[in-house]
């Protein structure tokens, strides 16, 4: 059996009496999209924070490429190969699209301690940034201020910044949120291809996208994984229907 | 170093701490409920002291002076809130710092214009002057003892206000969730004005009470303001309990440090050097305390975890 | 050339030419006033790196200004009294040489900025403001109680310190020296703003989560910005003390910290020329309004309120629009 690229092993996290994560074990294999779904308040955001850094699980471990990263801060997990997109776009709004992408490239390169040479004249950084922008189709907006982008374009830029890091695994927090039908469709296609570059742990509310994309789905309810399986298995699972999918499935 | 001196200094520290609490309580309430950093809180302290000195000077009654201090500071606070402060709630901290800094300039120069640059004096009322003998034969100024008692009473009243009254419920709700209190049908604008005026009245009271043992002059508020900031950084912003404990810690550290550090240094240095080094370190002691608390708990002793 | 670069060049040219004109029309006082403005501008350019680029609202930058001032005061004091600064474990003599004094000022304020930053940056928002303010007060009271160097009264220096090839006693020559330093620092600050570090710092202010998730540590970026910022303000402090030939605890005062922020906001937050324009206008107002009324701080207060409530872009923002150019 091949080893998981990204895995949580029995992580639990409580806030007072509330169990936000309850013995969660999820793994992400090469080339796959593993979707995590669950009703609001199921503990998806808490789980993402524990995977990406920012919250330390009470018990359990997070592994990236076989290494235990549970104690690493966010930025070191990113350097170890974790690319993340946010649910609410976290971008430097005053800066241009290109500057945001260059920031990603700079992070990937790992040395921001240069104080004199203009960053936009660094050919390596520019190439990496432009390549990522081209892949998401934002190359014509490179000089646009990020604040002026449409909501959908910001989501594309989120993905582009993650791409500049050339990550080994992606964690995407509701990338479809707020996109129109057309936008979701395009992003769905894009992510479908992206999985071959690096696997994606996808937290998503858009069920059409999840069912279209996911190789496997895990269902999180009250901090517990109640089922993991293929799309068909999850659709057929009675517990999942009762707890979550309802009439939707 | 006798026990009597030690107890005397502890009482002095306590008195200083309690007065700091009156300042810090207002600041922390205002920050907790409105999210506002108010540098002009020291000006309200000064206004209280000037109102007390002017009215007590004119009428000869210290009590009337105190009432004038409370009323004057509360009115000034409410006015400032209505005219300037309420435009700042939605702005960032930098804007709040600047606007309230501007208010300090206006209040300080305005007061100098009205009263001149010379300090005013507020006399301790006859009934409270002179020493009192405490159990154990310790002689202590009655007025300072009264300050401790008054301060503790005000603290108790504040805790009751917040835990038992309708206004207190609204204040606590406001600290947790602004939208919720709107949903409860509370008039937020009015609540904010009341909280600001309440904080101002506490500062004014402190200014008047302390004004009787120090001189009343322009610029008297800012050093106290900054110490009150240290207090709420130590106690945790938004926590009244933290403000009380932080204030007493700071009061005791400052007073006892000033006395004992030079003594302590005499163990290592010649008397003259010891006094000089000791008083230098003592002047920094509360900030060292603050730094220590920050290292251990960045959000203060009783602050919400970030 | 955009309107902004045109404006900036004009401002710089005015700073170069007006004192020269004043010098030749026999108004040395105006030259001294301009020197004061340029030095305060330098201090505020230092703060700009922390505040404008890093978003760090430091209400304690007077610490570095004061450290620069005392570095000058103490070194020159020992030089003029012919007493060594210390004799054990090795001898350190005082000095009247500006370059040495500047170096000491910059190194000391960097070290102090590093430690204050290390502690203060553990917090953010309003805590950070209060803590930097408190550290400022700590140095203020320390200076007051430090009787060896004048305590509350401060230290006077009889003759301005020297710089090779410049007669610093002539106002216009000292001005030229300060102006060149300001221009050089602004050149480096402008480069810094566009450098990889500047990009990352700017992003750390706007979207710290993003900076972390691309593998950079926002805290470390802020700390370095704080140190650079403190170093520049410290250098300005040494010059300021030399201008007055006097240093006292008021250089550490919290009002000083407040004024540095005022310069930035008055001129225009986020722009390199903001602190410069702000400092010049402030010194001019201080001079003009101060002549008109003893209570000129009232007018300053009202003006400041107006800027905060109605004109966030400051003077440059009003002239050129609020949009800060990013290129």
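Every chain is named by a letter (A, B and C) in the order it is written, and numbering of its residues begins at 1.
We take it that contacts are C-beta pairs under 8 Å (C-beta built on N, C-alpha and C of every residue); 3 or more make two chains touch, one makes a residue touch a chain.
Fair warning: this is a prediction, and the values are worked out from it, not measured in the lab.
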Chain nearest the overall Cα centroid: C
Reference chain B; chain at largest CA-centroid distance: A
Chain centre separation in whole Å, for chain B relative to chain A (CA means): 49
Distance from the mean Cα position of chain C to that of chain B, given in whole angstrom: 31
Whole-Å gap between the CA centroids of chain A and chain C: 43
Of chain C, residues touching chain A in the complex: 188, 191-192, 194-200, 202-203, 206-207, 209-217, 221, 224, 324, 326-327
Parts of chain C lying in touch with chain B, wherever the complex brings them together: 51, 57, 59, 119-120, 122-127, 129-131, 133-135, 137-138, 141-142, 144-148, 254, 258, 261-262, 265, 269, 295-298, 300-302, 304-305, 307-309, 312
Residue ranges of chain B in contact with chain C within the complex: 31, 37, 84, 87, 91, 93-95, 97-99, 101-106, 108-110, 112-113, 222-223, 226, 229-230, 232-233, 237, 276, 279-280, 282-284, 287, 290-291, 294-295, 298-300, 306
Residues of chain A that touch chain C when the two form their complex: 52-54, 73-76, 78-79, 82-84, 86, 90-96, 99-100, 102-104, 106-108, 110-120, 122, 125, 145, 161-162, 164-165
